[in-house]
Amino acid sequence: MKHKNTSKKNTRKILNPFEFIKNESDTKIYKYEYTTEHAITEEKNNLEKINEHKLTNSIVWLNIDGSDKNIIKKIATIYNIHDLLIEDILSHGQRPKYDEVNEVIFTLLYMLYYNDDTKEIEIEQISIVLTKSTILTFQENADKDVFKNISTLLKNKAGKIRNRNADYLFYALLDTIVNSYYQVIEKLGIEIENLETTIIENPRQDAFKRINQLRKELILLKRNTVPVRDLIASIMRMENELLEERTKKYLKDVYDQIMQANELAENYREFTMSLQDLYLNTVNLKMNEIMKTLAILTAVMAPATVIGGIFGMNFEKMPIIHNNLGFLITVGLMILIPIFMLWWFFYRGWFKKEY
Amino acid sequence: MKHKNTSKKNTRKILNPFEFIKNESDTKIYKYEYTTEHAITEEKNNLEKINEHKLTNSIVWLNIDGSDKNIIKKIATIYNIHDLLIEDILSHGQRPKYDEVNEVIFTLLYMLYYNDDTKEIEIEQISIVLTKSTILTFQENADKDVFKNISTLLKNKAGKIRNRNADYLFYALLDTIVNSYYQVIEKLGIEIENLETTIIENPRQDAFKRINQLRKELILLKRNTVPVRDLIASIMRMENELLEERTKKYLKDVYDQIMQANELAENYREFTMSLQDLYLNTVNLKMNEIMKTLAILTAVMAPATVIGGIFGMNFEKMPIIHNNLGFLITVGLMILIPIFMLWWFFYRGWFKKEY
Amino acid sequence: MKHKNTSKKNTRKILNPFEFIKNESDTKIYKYEYTTEHAITEEKNNLEKINEHKLTNSIVWLNIDGSDKNIIKKIATIYNIHDLLIEDILSHGQRPKYDEVNEVIFTLLYMLYYNDDTKEIEIEQISIVLTKSTILTFQENADKDVFKNISTLLKNKAGKIRNRNADYLFYALLDTIVNSYYQVIEKLGIEIENLETTIIENPRQDAFKRINQLRKELILLKRNTVPVRDLIASIMRMENELLEERTKKYLKDVYDQIMQANELAENYREFTMSLQDLYLNTVNLKMNEIMKTLAILTAVMAPATVIGGIFGMNFEKMPIIHNNLGFLITVGLMILIPIFMLWWFFYRGWFKKEY
Amino acid sequence: MKHKNTSKKNTRKILNPFEFIKNESDTKIYKYEYTTEHAITEEKNNLEKINEHKLTNSIVWLNIDGSDKNIIKKIATIYNIHDLLIEDILSHGQRPKYDEVNEVIFTLLYMLYYNDDTKEIEIEQISIVLTKSTILTFQENADKDVFKNISTLLKNKAGKIRNRNADYLFYALLDTIVNSYYQVIEKLGIEIENLETTIIENPRQDAFKRINQLRKELILLKRNTVPVRDLIASIMRMENELLEERTKKYLKDVYDQIMQANELAENYREFTMSLQDLYLNTVNLKMNEIMKTLAILTAVMAPATVIGGIFGMNFEKMPIIHNNLGFLITVGLMILIPIFMLWWFFYRGWFKKEY
Amino acid sequence: MKHKNTSKKNTRKILNPFEFIKNESDTKIYKYEYTTEHAITEEKNNLEKINEHKLTNSIVWLNIDGSDKNIIKKIATIYNIHDLLIEDILSHGQRPKYDEVNEVIFTLLYMLYYNDDTKEIEIEQISIVLTKSTILTFQENADKDVFKNISTLLKNKAGKIRNRNADYLFYALLDTIVNSYYQVIEKLGIEIENLETTIIENPRQDAFKRINQLRKELILLKRNTVPVRDLIASIMRMENELLEERTKKYLKDVYDQIMQANELAENYREFTMSLQDLYLNTVNLKMNEIMKTLAILTAVMAPATVIGGIFGMNFEKMPIIHNNLGFLITVGLMILIPIFMLWWFFYRGWFKKEY
């Protein structure tokens, strides 16, 4: 028994700030039994004869979708799962972990979903128990069935799953979960790329805040993928007869994919940072544009002020002061000089927008 | 059968935002048959006797250039290719993938072109099916033949391809595809380097936008190269009698090259970021230059305003107010002081351009 | 005997600028003796019969909690520990190290705590001496018992520790220590993430200073984890019959975890840097906002000044000067023009806050 | 035959923007023949008996310095070199490549020189053909002999080259070439470091442009070193009886060195980027200094303007207006207030230069 | 014989811009002879009987401290060291190198010291010659004995050195040298961290320059550690009977430590860059603070100027112009408005310092 995460409550908020999916539906039990030749799918309402094999030399996959404590505990009793593992399955917010106990390989990790409506990442805890001829999967939330594609593949006789042992199904399950990380990152990526367009065309404060939030989500996401990466590396190192050598090769692909996901998340994280820079710079340029206009306004008024000051002086003898057109000429000059200055600034290209 | 990419439609836009080349021409079929001694090249109009070997112990390469569904399905029937693979070949926008099914190695990946006219990256899906003595390649677009150089090499008796098995041709095909990534990156690189000159000499907004676009293209390009990198790594790990050990060594070279391409893309991505900084900084300096000029204008007027204010005061006793030259002297001063200030600023080097 | 760290005093301040926990309580001695079947826990007040095994083939773990020199020296004599090791145990501020002396594996490293009250990292020196059937641990500080969770696991008969040799306990101790690094980094991470919110909503100087401090703490923390990483790598390379091969596999997990901790620390370090940028940029934007307001104020006054200057001129013939409403019209204009300008600026969106 | 770089003309400009050294001198042929005991050096004017060994079991190194097509083709005929290799030797601007053809190892790569006068990188194409007992080297340019140091070592009986096979000489040649990259990077590095001093002390625009150019040269240089790195890795993987195992170990040193060169180039590239930042920041600070001075000028004038305005008002009853000293007192105030303000600014340290 | 560094004079300045320690004292010769049981230490004044073993099967370590050419040449003759090695030992400024010549392992590398007084890095060239039962070390400078701690360990009978062959001593020497890099980096690190405090509290130009210098020193330091890293890797790869397998394991620790040193140097280099940013940003904020104050000054004067302008107009009919208190009221307004504005600015928090 590995002795990590003793303070479960504390770590939960740290690791999984994402919304945990609420569990409102009943716990469902799906039983898949298959050999190379046959495949039986059942939705069980009760636990009767649940561990009975109808086919000879078949592999059974029991997918428990929901977190009804009683059902989980009963199943644990039937399959003789160690109490500490049950505790893990029923827990929340643990770091991804694996364990070998009593000829069983146990894995706890997280499925990620991107909720298109709330634009938030949702998380679901998945526990997998691998024994010689049985795989148990515990999905925290009964509303979503993350392994639907695998059950489809199971029905396909030509698929590899049917031709291999339980460990290949184990690989397929891990692959599906890791795939979900990739998909979430890509969803975040699309949003980030859209935000870029927004920022270039019309920098708004809420875009800036959203970027900030996305960057934080990417950091948190990386904090979830990195332990899974090492978990898979550990499983590959494991010398357990439950895992065939050729299955480990497939696990290497899963490892590669999680590395890709990690790399992609890192790329996007850097991208958000450069987007923030872009935002701040664009806002800065816009601000400078305003300051430039104001400075031009102030500057073109200065000569007129000086001219006004000149003829406002109280000298006894001043030219054109007694001329009837003097005032008009002077005021005309006070208007023409700013206009000339503006033309000159325009000619120099000072009014061109630079961002 | 690997069970990835179930939601093909969604991922397409993500992975391949580049324009897919439209398929307007007819599907062409090229058949290359070769042994060490002989090589036969045919352009077939129909599928008759397509799988017939004219030479003993020869290797046949069937290059299907175009995406006519009927032809592809017929060929699949002739060569006994699994339905799921056909589905992959006819699909769009999948992530690069490989598979081993029924003693066949299947690979799906993308050829990239840089369109010099539109300055856009174009993408073409390539599927390769490797069997013991036959290689099938499916090119989505009939207008471009990406494997022209390989067919040239095939005619050359001294070339390695003629002396090796089908797996060496497989390697040569992968090498050509990976090479295309390198070439596209280099093309992007040239444009980026040209943009740098533009920005230093004459920072314009469209250059800035083009950089942004290029950076995004580089990120997307990396998202295409990274999975291919891992795909090749997986093929190298594969223990399949179709692949000889010595061919795997050549695949290592392909792997190295894609790593180089990746590294280069990363370098250019960083470069675009520093170019953006450069642009913003140059624009900023230019803006500051304008602000400086305006501030100088405003500042040199201030003393004249003060002097005007002095002699505009209504004191009873004021010096030189009754002097005939008083006005001229004062106005002269109001003109000379700004001139002196400008000279002094010039002397201090304030008019030197700094960017 | 490895010959590092000869200048102990100098390096101490460098490596451990964190507060060393003061030792105020008495040194306590806990003796755990266990076989697969039985486990005995004793708190010893004296050293009598301390090295006596009550069970056959049992493993004894002696946890000395405190740094009473006399007790430590006596124990060293009883267990025949080399003088140089005793010197290490009683020293302060050494770099983490390991050594193989006289069929003993010695390890010195640091436990880290995050003090939630003072928001400071506290450090405690831990020395571990592994022999064939005995493990001695020396904790510098009697107030904290860092290995409480392990003693709990020891009482659990199903736990792996009870079924394995002393080297597994050794692994469990290292794992606990490395775990503490992870927890401290996570605590720092939470604070950093909270600071980000503070900075975006209300950038204050003390937040800026706190970030600076946290970044420094992260650098120092990395300086502590990197040597531990290499220390564990060295132990894994060690060919010592005290360490079983299967235990080394577990050490690989510890190695992975410290790498994760390191990566996380690096991520947070980069994050603090981007936070500093964010702070400075936000402050800059705020400052620019002020400058903009002031520039607007100055600019809207300029036309009024010019108009005042116009009618302050001393021309003989000036329009509306003799008009009774002239003054009111002019002053009205002097008030309306700024108001119009302000409206126009508002209309252009110049008063919108951009940060 | 590897089938890369079909579009040689296009890639040339991309890969080698450096000046290719013009070939103005005649092609020279140097023949070195050596055994452990003896070494013969000849400069040949014609190709007569060029492939004749004068010593038993000797190794011959033929260094062809220049690119006279006729001579190269004749030598190719004498040594039975494949036509495709001859094409490579005579080509320009190819990516570094290696090939195994007809029991020959062929390598094409580039020697780099830093021209101290023009401050430009010059490039020379080198082709190496390794056979059992003969090495042929083709240097594009007759003016420079890059392998002078090796010919010196050949004359030294104690040197390793004399005691080993042709593959050791092959290693020595590669080592010399890779060494040239290191030296060029170091030369660039010195210039970069000198530019830093220039920028800190006197930021000038041409320094900025030179940095930009150097950074670009470093990127291009990396684009040349990375393929050579992988080329050497490929040679190390090669299983060819021409290469002894112990020579591969030396190649590992060459690999290490090119990695170092790469790392150094990367460091300098980053350094140039931080230098650009430094330049822009320094220029910015200088500009701010000017703006500060102008703002001070404008600000100290404002109170005087106000005072002038006060006494320019046309109230009937105004104080000190009839006082004889009124004007002097007021003007004195208008002069003293700015002086006081300047003193206060000075006292506050506003005139201190900050860069 | 490796053929690197032919242009020794040129590379010297590049690699070692640090002050070479002047050699003013006489060359000293220390002879240590030891077996597991006995250890003899002698300071020799002449070379008589220098190669005589007093103990049977003993290992002799000859530490030549100083660079007296005659003594070194005599020793070389006595121990039959190759001329080329002697040349290396007497040279300056070479890149770190190793060589195997005539059953001897030769290593040349550098010891680094941080001079606390001059705050400069000092460098000393160390050459090590390892033969079967003798180690020769040549220290360039007689003033410093870098291997003092090892001679201390030699006297300690329990130390590992006494129980092992000469290669273990060789390892211990390398370890001491690599340790010196670590210590120098830590010293630089402390200074950098102190500079950070200086910059935050009182940004001064000399701190900025010092940071720049430290960053350059770190780059140069890395340029010294990276070749040593690869040198040690090469030694580990070496198959030489002088090196036992178990000693290579210790060399792995040295390798790890130099990697740590490298990482630390890189961290500090990045830190100096962020410090420069910090400096420039702080200076910028300070400058902005000044600009803000000046802009406030200018802005608060503007309304007063306008009011002055209003009542300076020459309209015939103007209100309160004939009122006795008119002037006082108006001037009061001209004073109160700026005061009100200042209060409002204060209330808005514009006077708060933000850095």
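Here the chain labels run A, B, C, D and E in written order, and each chain numbers its own residues starting at 1.
The definition used in the following text is that a contact is a pair of C-beta atoms (placed from the backbone, for glycine too) under 8 Å apart; a residue touches a chain by one contact, two chains touch by 3 or more.
Chain by chain, the UniProt names read as follows: A, B, C, D, E = Magnesium transport protein CorA.
Computed from a prediction, not measured in an experiment: that's the story for all the values here.
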item	value
Chains in simultaneous contact with subunit B and subunit C	A
For subunit B paired with subunit D, centre-to-centre distance based on mean C-alpha positions, whole Å	25
Subunit A-subunit D separation of Cα centroids, rounded to whole Å	41
Shared interface positions of subunit B, touching two or more other chains	277, 284, 291, 295, 298, 302, 305, 308-309, 312-314, 318
Pairwise touch network: line, ring, star, complete, or other	ring
Sequence of chains encountered when the ring is traversed from subunit B in the direction of subunit D	B, D, E, C, A
Subunit B-facing residues of subunit D, complex	1-4, 6, 11, 13-14, 82, 84, 101, 203, 205, 208-209, 212, 216, 219, 222-223, 226-227, 230, 233-234, 237-239, 273, 276-277, 280, 283-284, 286-287, 290-291, 294-295, 297-298, 301-302, 304-305, 307-309, 311-314, 318, 320-324, 326-327, 330-331, 334
Interface residues, subunit B side, partner subunit D - complex	149-150, 153, 156, 158-160, 172, 175-176, 179, 183, 186, 189-190, 193, 196, 200, 249, 252-253, 256-257, 259-260, 263-264, 267, 271, 274, 277-278, 281, 284-285, 288-289, 291-292, 295-296, 298-299, 302-303, 305-306, 308-310, 312-319, 350, 353-355
